[in-house]
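Below is one structure. I have some questions about it.
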Amino acid sequence: MKGTLNPLLGKKHIMSNQIPKSKAPNLPESLYKLRQRPHSEKVVDTGFKDAVYLMASMVAVFLIAIFVVVFIGSIESMSRYGLKFLTTSNWNPITDEYGAFAAIYGTIITSIFSLAIAVPLGIGTAIFITEDILPRKLREIISVLVELLAAIPSVILGLWAIFVMEPFLRPLFALIHKKLGWIFFFSSEPIGAGIAPAILILSIMILPIITAISRDSLNQVPFRLRQAAYGVGATRSTTIINIILPAAISGITGGILLALGRALGETMAVTMIIGNSNNFSLSLFSPGYTISSMLANQFGEADGNQVSSLMYASFILMIITLTVNLAANWLVKRLSLKY
Amino acid sequence: MTFNNNSRLKYKASLKRNIYNSLFTFISVVFTILSILPLILLLSYVFIKGATQINLSLLSNLPEPPGDDLLNAGGIGNALQGTIIITLIASSIAVPIGVGGGIYLAEYARNGKFASFIRFGTNVLSGVPSIIAGVFIYGIIVSTKIIFNSTYSALAGGISLSILMLPTVIKTTDEGLKLVSDDLRKGALSVGASKFLTITQVTLPAAIKPITTGIILAIARAAGETAPLIFTALFSFYWFEAPTSILEPIASLSVLIYNFALEPYEAQNQLAWAASLILVSIILIMNIITKLWARKS
Amino acid sequence: MSSKFPKKNQNANNRRESKPTCISLQNVTISYKNKTAVRNIYCEIPKEKVTAFIGPSGCGKSTVLRAINRMNDLIEGCTLKGRLVFDGVDIYEKSIDPVEVRRRIGMVFQQPNPFPKSIYENIAFGARINGYTGNMDELVESSLKKAAVWDECKDKLNESGYSLSGGQQQRLCIARTIAIQPEVILMDEPCSALDPISTLKIEETIHELKESFTIIIVTHNMQQAVRVSDMTAFFNAEGSETGGSKVGYLVEFNNTQKIFNSPAQKSTQDYISGKFG
């Protein structure tokens, strides 16, 4: 901090030191030619303020522009298919019929299932990192590892999913299908790319988010609450379940919803492994679609009504993710405990 | 006596609460292993598989179009070049706007209505799925040919990435500046510095570390993004040539991985692994640098 | 032992005390990482009496208190050498369950720290996890009454513990500790965050509690030590020869009357007459 002050204070120091030396009897006024701020300085000052104001406003401009562009793009499809778009799953550029039901269903089902896997794992990991089960050094390494792994691009996760994860898991999927095939979720033969591997790769992707945010929320719980619980003879598990987790619940819920938002919009890894099929099927082993994978797959080669329909699908995706993010904001405020 | 006061102080593993406690610890250990293992497996696979593909010509050659040569898919030279160029374009838009916006929030608006609206907007923007940024740029630039009649281009790709970088840069600037002690501002103002001088010479330098960290992380994230590029920057099998290529489609590592992973040809798949190794290395190095840097203080 | 540490051990004789020893500290040295906080403490704390730990700040009195129910386990790198005997066993032995120790030696902390739960749950939580099988409503009422906070709480048992004032919160924490019926209650400067009226009320509570509990209280307030305690331990700290950080030790342990009227050590005399601290 001192270093940063130097350029300013340093100059003044030199000046005041000079006063007694050379012109002690005179007023030091002559040393300060710039007593009156020049006009240019004022211009710079207000200009700077206006510039950064404009830059801050760019956020709003971008946000509104995104909504407007996507909305305008989808008007044609909206007026043509209306709400039927949400409930049918025809997608045929030749007959010009479009319905995004399969993609919407796929978006929601992959996100919810991946959340169901990632939430317990992520919170469990966060607890492990924040408790003194291992020495602090080791826990910090795990913690940093989790953060680094969050930085891996999703396209690489997709690549890994295609060539390593899915072939490795296919026998397991086949076994599940054989034993539990009567459950509609497992009713089809696993043939490679499909909803199930997409769910798994999505859970791997959102795990670091849930872990990191849960860890931070757990760390923020005041030490005195932990002391209080241990002081009345609680074990570690009781302390965590009854005191620490409830106190951190707002942050953790926020993290979960943030992860949900991420899962809903995640594109690359899912596109590469979900199989990209618009045929609706309840089975997790059959290929499927999500809105974002549909966009990634078709946008480059689409034209006419198809573009508009894809814009319509984008608009739906935006509304869904926006709702989730707003809910996250609201819940965090709502659930935060006073302590 | 309703309490079990006769219990000795010795640890009894058979006690219900101790069983629960051990079970709880066990579960959290298992969960930690389960959540870390796939990612470690993935990283090691990328490194092993990618390392076998690394050779001198990898970075100097152009990729071969799939199917041309079944044994040799060429190199990733133009893709690496393209990733750097697109990221540079994105940064040159997002960094000034983001830092400026962050300065406005932290230094001028503080907690006013406008500031909370922009902060809220930043949160919403960071929650917008990355592919939507691509759809937006496609709708406003690519399909309208608004920029010198060009469609898919390096510029369009860079702009779509900048939208994704912007919220991170604003947030870290805003938060970094908020951490700067108010005494420092008062000190500068009290010696007659203007607000502009106070910010540029005192508060911004004091917050330079968190801001740079945030920028590096935003760049690292942008470098790995694929979704916004596939229908804005598209892909190219040729080198980038300044300045005309800026309005033409451009290759990038991430789109190369995506395209070549889905090709039925083995050679192209292998090249995707090599590109993954390079991309992951760049991103991890940037992340590790920020981590080490943060630790130093 | 006494030949090795003649000065620090003149305290162990409780000849006039009819009550037997409850907790015995035998050559206890506590360190954080490599820094010694307190060294070579010998102390026999009598049963069903109030013992006060006094001394200047940084002398390690709170550290010793927290060691008695293994609260220091929560602080990474905190180690204890020597023996700390309670109920016939060294509670720092490997085979000891610290949770069990804390169930029998309760603690009230410097800052009131109610759980972020209702007032009722604040009491019931500890009792429930300790396996209480009786009538919970009765326990809550009697504990709050014993801690002299029932009148303030009885109409809002379902409200958050944080709706109470600081002094009331602290008495809620005392009630919470009473509810698990420990044998010993440790109090770490329980009044330091409170106003004089709340302090007075808590002191009254302590007077009532000593009928049935052994109480050890850390206080920086000498008048408080005189008012509430039967026995007083005076701790001091001195820098090591190498000029390192200060290390605390027990100077003198005796009847409170004795300590304040005719202390055996000069530093005790200096401290109680306000010359330092």
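Order as written gives the chain letters A, B and C; numbering starts at 1 within each chain.
Just so we're on the same page, contacts are C-beta pairs under 8 Å (C-beta built on N, C-alpha and C of every residue); 3 or more make two chains touch, one makes a residue touch a chain.
Note that this is a predicted model, so its numbers are computed, not measured.
Chemist: Between B-C and A-C, which chain pair shares more contacting C-beta pairs?
Modeler: If we tally the C-beta pairs in contact for B-C and A-C, the bigger total goes to A-C.
Chemist: Taking each chain's centre as the average of its Cα atoms, which is closest to the average over all protein Cα atoms shown?
Modeler: A
Chemist: Distance-wise, how many Å sit between the C-alpha centres of chain A and chain B, to the nearest whole number?
Modeler: Taking the average C-alpha coordinate of chain A and of chain B, the gap between them is 12 Å.
Chemist: State, to the nearest whole Å, the distance from the C-alpha centre of chain B to the C-alpha centre of chain C.
Modeler: 52
Chemist: State, to the nearest whole Å, the distance from the C-alpha centre of chain A to the C-alpha centre of chain C.
Modeler: Using C-alpha averages as centres, the distance is 48 Å.
Chemist: Identify all positions of chain B at which a residue touches two or more other chains, and write them in rising order.
Modeler: Residues 17-18 of chain B each touch two or more of the other chains.
Chemist: Show the residues in chain A shared as contacts by 2 or more other chains, in ascending order.
Modeler: 235, 238
Chemist: Out of chain C, which residues touch more than one other chain, so two or more?
Modeler: Residues 99-100, 103, 129-130, 180.
Chemist: Enumerate the contact residues on chain B facing chain C in the complex.
Modeler: Against chain C, the touching part of chain B is residues 2-5, 7-12, 17-18.
Chemist: Would you pull the chain B residues touching chain A in the complex into a rising list?
Modeler: 17-18, 20-21, 23-25, 27-32, 34-36, 38-43, 45-46, 96-98, 100-101, 103-105, 107-109, 114, 117-118, 120-125, 127-136, 138-140, 143, 163, 166-167, 170, 181, 184, 187-188, 191, 193-197, 199, 201-202, 205-206, 217, 220-221, 223-227, 230-231, 234, 254, 257-258, 261-262, 269, 272-273, 276, 279-280, 283-284, 287-288, 291
Chemist: Of all residues in chain C, which touch chain B in the complex?
Modeler: 86-87, 89, 91, 95-97, 99-101, 103-104, 129-134, 180-181, 183
Chemist: Taking the touch rule as given, give the residues of chain C at its contact with chain A in the complex, in rising order.
Modeler: 69, 71, 74, 76, 99-100, 102-103, 106-109, 111, 113-117, 125-126, 129-130, 160, 162, 173, 176-177, 180
Chemist: How about chain A: which of its residues touch chain C in the complex?
Modeler: 132, 136, 222-235, 238, 242-243, 246-247, 337-339
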